[in-house]
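The next part holds the structures, each set out as structure tokens.
Heads up, the next two complexes both have chain A, just with different partners, chain B and then chain C.
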Partner chain A sequence: MGTIIIVGITVGLIYGLVAIGYSLIWQTMGLVHFAQGDLLMIGGFLVLTFINAGFSSPLLVCILVFLAMGLIGAFIEQVAYRPIPREKHVTRIICTLGVGLILRNLAVLLWGTSSRGLPENFFPGAALALGEVSIQPVYYWTFIIGCTLVLGLVLFLYRTKYGVAMRLTAYNPALAELMGVNSKLFQSAAFMLAIGITGVAGMLISPIAFVHYNMGLSFGVKGFTAAIIGGLNSLPGSLVGGIVLGLSEVFFGKYLSGYVDVLAFTVMILVLIFKPRGLLGKVEAEKI
Partner chain B sequence: MTKHAKYLWLGLLLVLLALPLLTNSYYILRLLTTTGMYLIIVSGLNVLQGYAGLVSIGQAGFYGFGAYAAGLLMKNAGMPFVPTVVVVMCIGALVGLFLGMVCLKLKQAYLAIVTLAFGLIVQIVAVNWSSVTGGMEGLMGIPKPNIFGFLINTPTRGYYLVLLISVIVSFVIANLTKSSWGRALNAVRDDEIAANIMGINVVNTKLFAFAFSSVLAMLSGTLYAGLYGGIFSDYFDMNLSVLFLSMMVIGGAGTQVGPVLGTVLIALGLETLRFLGEGQMLVYGVIVVALCVFSPGGLVELFSKKYREYKDKTLAERGVTSE
Partner chain C sequence: MRIKQYVSALLIGLTTVGLVGCSGGADNKTINVGAILSLTGVLAHGGVDARNALQLAVEEINASGGIKGRQVKLLVENTNTDPERTVSGALKLANENKVLAIVGPDNSPTAFAARSQVAEPEHIVIMSVTGSSPKLTEGNPRWFFRGATPAEFQTKSLVQYLVKEKGLKRFAILSDSGITDQIESFTKDLKAMGLEPVATEMFKSGQTNFNGPLLNIKSKNPEAIFFIGYITEGASALTQARNLGVDARFLGSIGIIYDEFIKVAGKSSEGVIASIGFTASNEAADVQKFVTAYKTKYNQDPSHAAAQAYDQVNLIFQAIQNQNLTFDSAKVEQDRVMIRDYLEQVKNYKGITSMISYSPTDHSAYKDVNILEVVNGKWKVIKHSGEAN
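Then we have the complex of A and B:
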């Protein structure tokens, strides 16, 4: 029982990180980024590449993945999303889907089609004993890295000048421009941050689920579900949504076998019908 | 429709009618038949997204649903083809209405993700409910369609059947979009509140668009089951839905020519890229992104803009302005 709860919370935390990525991009750019899951997959493969290149410290790999994914994110944003006008909603959606397709096939060319996992003792340390439950190092490292990341993000957004500028850009780009904030720059920065976080989520998921070129779809949709459950315009909501989803998957998973993914979709559709702003989301008035 | 456009359509139709006389290659006929089925779905999607502004990334779900429903009715219940078509289209209307009711309040990105989830759910059920759908092994041995004693058992006959139906569908949509229903769809797309004030029933209009597109996708699925005789669950995946949406958007949403242009270009282009092997989908992805970036409004808009610029330029050379 205890183990199940720990697995659920850990997986949920990872969904929450993906959801935070969605939420950041949605708030600053008004874009649902359908390539998010595929970037998670790229993050997972990058970790394997770094490990093969001789980096063995988890923290160093984590920072490298964050930076590398940020750069990839900046490239994608500049080349593919920036030129499309904001009111062409469907073209933007197609473009994100196209980027996902490119990433998936690029992964096949670079890393092949087989599933891969991290080396067993990548995360150092011994299993923690908590009462009669023993926690494997993978789980507590995931917890520590995930929480540090979220805490760092919150401190950045609410305690620094740049964080305030980013939130202002999300709130109203025109107003941000009037206040002397380069809103385009901060949109790109938010996108890079989101993709960096997604890359780290890819690193954390790789010891738990295998890295596979086609994993993006499932994790992308679940991350989005987590964001919807918590409210797409609320960062803490994303985390809560992720943990709710992770826990409900491990609890109900064994009764559902092949239909586990249907659970996530059904929950998402129900939330959208009955509480469209999510559990913690702010209510937005529609402007006429 | 201008006189030129009319002749262009007639010419295209004649070429397509004469094509089986020139070649009886199974490969070419099957490629064109599949393109025709895609065209039926993309035309429906055009009514939903291009005219009514409701995006869907779940059309492959309807396509698969239709194929399985038709396959099971024809194989297990022994129903003839024509009643099957009618029944499946009725089911399609119901499923479309249901999804429409679920999605009634959702817009843009939220709608995209719910329809995406619908498509994935259909596929998951098709894979896991193997006692009925055959699961990963697929549903095989569906009898060939028999239309009032005329057996559709050769690729050529299948080709003509799909051609006939896609022409009918295009004709119906061309007339629909010029009717009050079509204008109501446009009004709802542009401004729901204004449409409501003008006396348009927004809810019914949206539900109609959902049902219409779903009926067409299910019809196409029926044709797939009948003509190809076997259904595999992994064919109806999300990539297929994305393909339909990109066909429509790249051609030009909300236009007559756009979906046809997009469907034909992408379906044939994708087939031409097959020689690249593993790189096929990579190149396809790059092309999709490049087209999105360079012509966000679709090819039809791009061409008409270039044509206007060209016309203005030639007029300016002669010393007149078009205004």
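Then we have the complex of A and C:
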């Protein structure tokens, strides 16, 4: 049971990071960003590129991937999403699918069709013993990096004035403009932040699931599911949703391995029936 | 607006001319042979390998003057390991390019599609380069030929070796839910030894989190885990198993017997055991001749997919050589029948993979396999086919 919880939480943390990306982009741009999974894949491949360039410290690579993905995010937002007016919802969503397609094919051109994993011992350290459970370095590093990222995000959003400005832009862009906040700038910044986080998630999944150009689909769907379970409107909800999904996958995988996906999606449907806004979603009322 | 209309009309006109001009390739001077392979997709490494081997074979035969004075031309369609594209590619090769025969595809689901929707109805020989489902050659197909070891022969040798020579008793199965024939075959072979699998777990293609099924397998304490699936999932499952403290030996099925698997899985691939007909480390002279030629041209060892494709296409060349084909694209159906008839009479063709024999009622070829183990980062033959247990 202990192993189920530890592994479930770790994998769930990764789904949670992707879900946070969805939630952040949804809240600030009103867009469901279906290219999240493919960006996770790009993040994973970028890690390999940095390692091959000679960087071996996981923390340094993590920071580099975060920054690089942020820049990629800025480019994508400017070129693909900014030109489309916010009201054209369907067009924007189709655009995200297009971005995903381009990223997948770009990955084949840049990195080929084979799967790659990280070099052995990329995450240094020995296995940690916790009772009768032995935790491999990759799991506790993922936990540490994931938690740090989430903590950093929370501190940024709630304790810095830029974070407040970003939250205000998410809440009401027009109001933000009135308060002197450049809403377009903060929307871009939020997008870059989301993509940076997704890239780091790619780095965390690559030692255990291996990166290949098609891996984005399953993570994109799982991240979205996690965001829905937790509440698309809630960042902590995304994290909770991710962990719920991770735990379900491992738990159902142990006892009914052929039905994992069916059961995981049933969990999502049940949550939606009883808590349509997600487990931690806020009900929004608009005063007319 | 007028200019726009003119430009559009011009573009449409040019495209149509281009398409019409490009279709059909049956030039009465060349011999067209088709291939449907995964140049991208889940089995890209196998498909690309096979295509390389086919190109090598075509170059070899053309360098020695072609067949009956005609040069051979290879036309390849990419299936992306996808049944729909396999069918559309094969139909294009058969109907537009008028190929004499088709080599490929490279796994069972796509092979089923090629057999039932192209080979049998269109009456064109399709020889698959891998594809282990026993059902592929059930029901007496007359046009589809299997160029790979059926599952029942792969698992039989593996089980006998492990139980009789290594004394193993507790086996677990971890399988891609889309590939059920190997589970049946393996379980049947275990039963024949008086054993049952201690756990049978499934996963879906593309799955990344194997911790659940692995935890269940761990609780049943197996000595070996038979993994049925493709390279990425195999490497992930293996890595996650070791991370969970599951030390049982991994057994592979045909899906992971590629150098690519060792590259992706790294050190954890040491000690993985599997069974297959061809391996590049086989010292036999004709095998090494092929391996050297392949390696010189492509800078890597050929996999079994490459070797099987090479044997298949050489058989087709032999059929073309020995039959009285018309080489008239208007009479291509007659030529295809002659090729099929020749192939059904092949007896003990010594390929680089194994002895190949076909008959009108048996379109399944390779029956003898070697047992391989990953030793020092390479697949090594630890037991040759035909050796007694």
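Quick note on the criterion: the second predicted complex is superposed on the first by the 269 of 288 C-alpha atoms of A that agree within 3 Å, B and C clash if a C-alpha of one lies under 4 Å from a C-alpha of the other, contacts with A are read in each partner's own complex, and residues count from 1 in each chain.
Heads up, the rule we're going with is that a residue touches a chain if its C-beta (ideal position, glycine included) is under 8 Å from a C-beta of that chain, and two chains touch if they have at least 3 such contacts.
Predicted model only: the values in this text are computed from it and were never measured.
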Under the stated touch criterion, which partner chain does A:Val221 make contact with: chain B (first), chain C (second), both, or neither?
first
Applying the touch criterion given at the start, work out whether A:Val164 contacts chain B, chain C, both or neither, answering first, second, both or neither.
neither
Is A:Gln136 in contact with chain B, with chain C, with both, or with neither (first, second, both, neither)?
second
Touching partner for A:Ile208 - first (chain B), second (chain C), both, neither
second
One more residue to check, A:Leu279. First (chain B), second (chain C), both or neither?
neither
For A:Val108, is the partner it touches chain B (first), chain C (second), both, or none of the two (neither)?
both
Where does A:Ile5 make contact in the superposed view: on chain B (first), on chain C (second), on both, or on neither?
neither
Tell me which partner A:Phe252 touches in the superposition: chain B (first), chain C (second), both or neither.
second
Determine, under the contact definition given at the top, whether A:Trp26 touches first (chain B), second (chain C), both, or neither.
first
Which positions of chain A sit in both the chain B and the chain C interface?
108, 217, 257-258, 261
So in the complex, the part of chain C that touches chain A is made up of which residues?
40-42, 44-45, 177, 201-204, 206-213, 215-216, 231-232, 235-236, 239-240, 243-245, 260, 263-267
In their shared complex, at which residues does chain A touch chain B?
26, 31-32, 34, 79-80, 83-85, 88-95, 97-102, 104-106, 108-109, 217, 221, 224, 228, 257-259, 261-262, 265-266, 268-269, 272-273, 276, 288
Given the complex with chain C, which residues does chain A contribute to the contact?
3-4, 7-8, 11, 108, 113-117, 119-120, 134, 136, 138-139, 205, 207-210, 212, 214-215, 217-219, 246, 249-255, 257-258, 260-261
Counting only contacts in the complex, chain B reaches chain A at residues 49, 55, 57, 102, 105-106, 108-110, 112-114, 116-117, 120-121, 124-125, 127-128, 193, 238-239, 242, 245-246, 249-250, 253, 278-279, 281-282, 284-286, 288-289, 292-293, 296-297
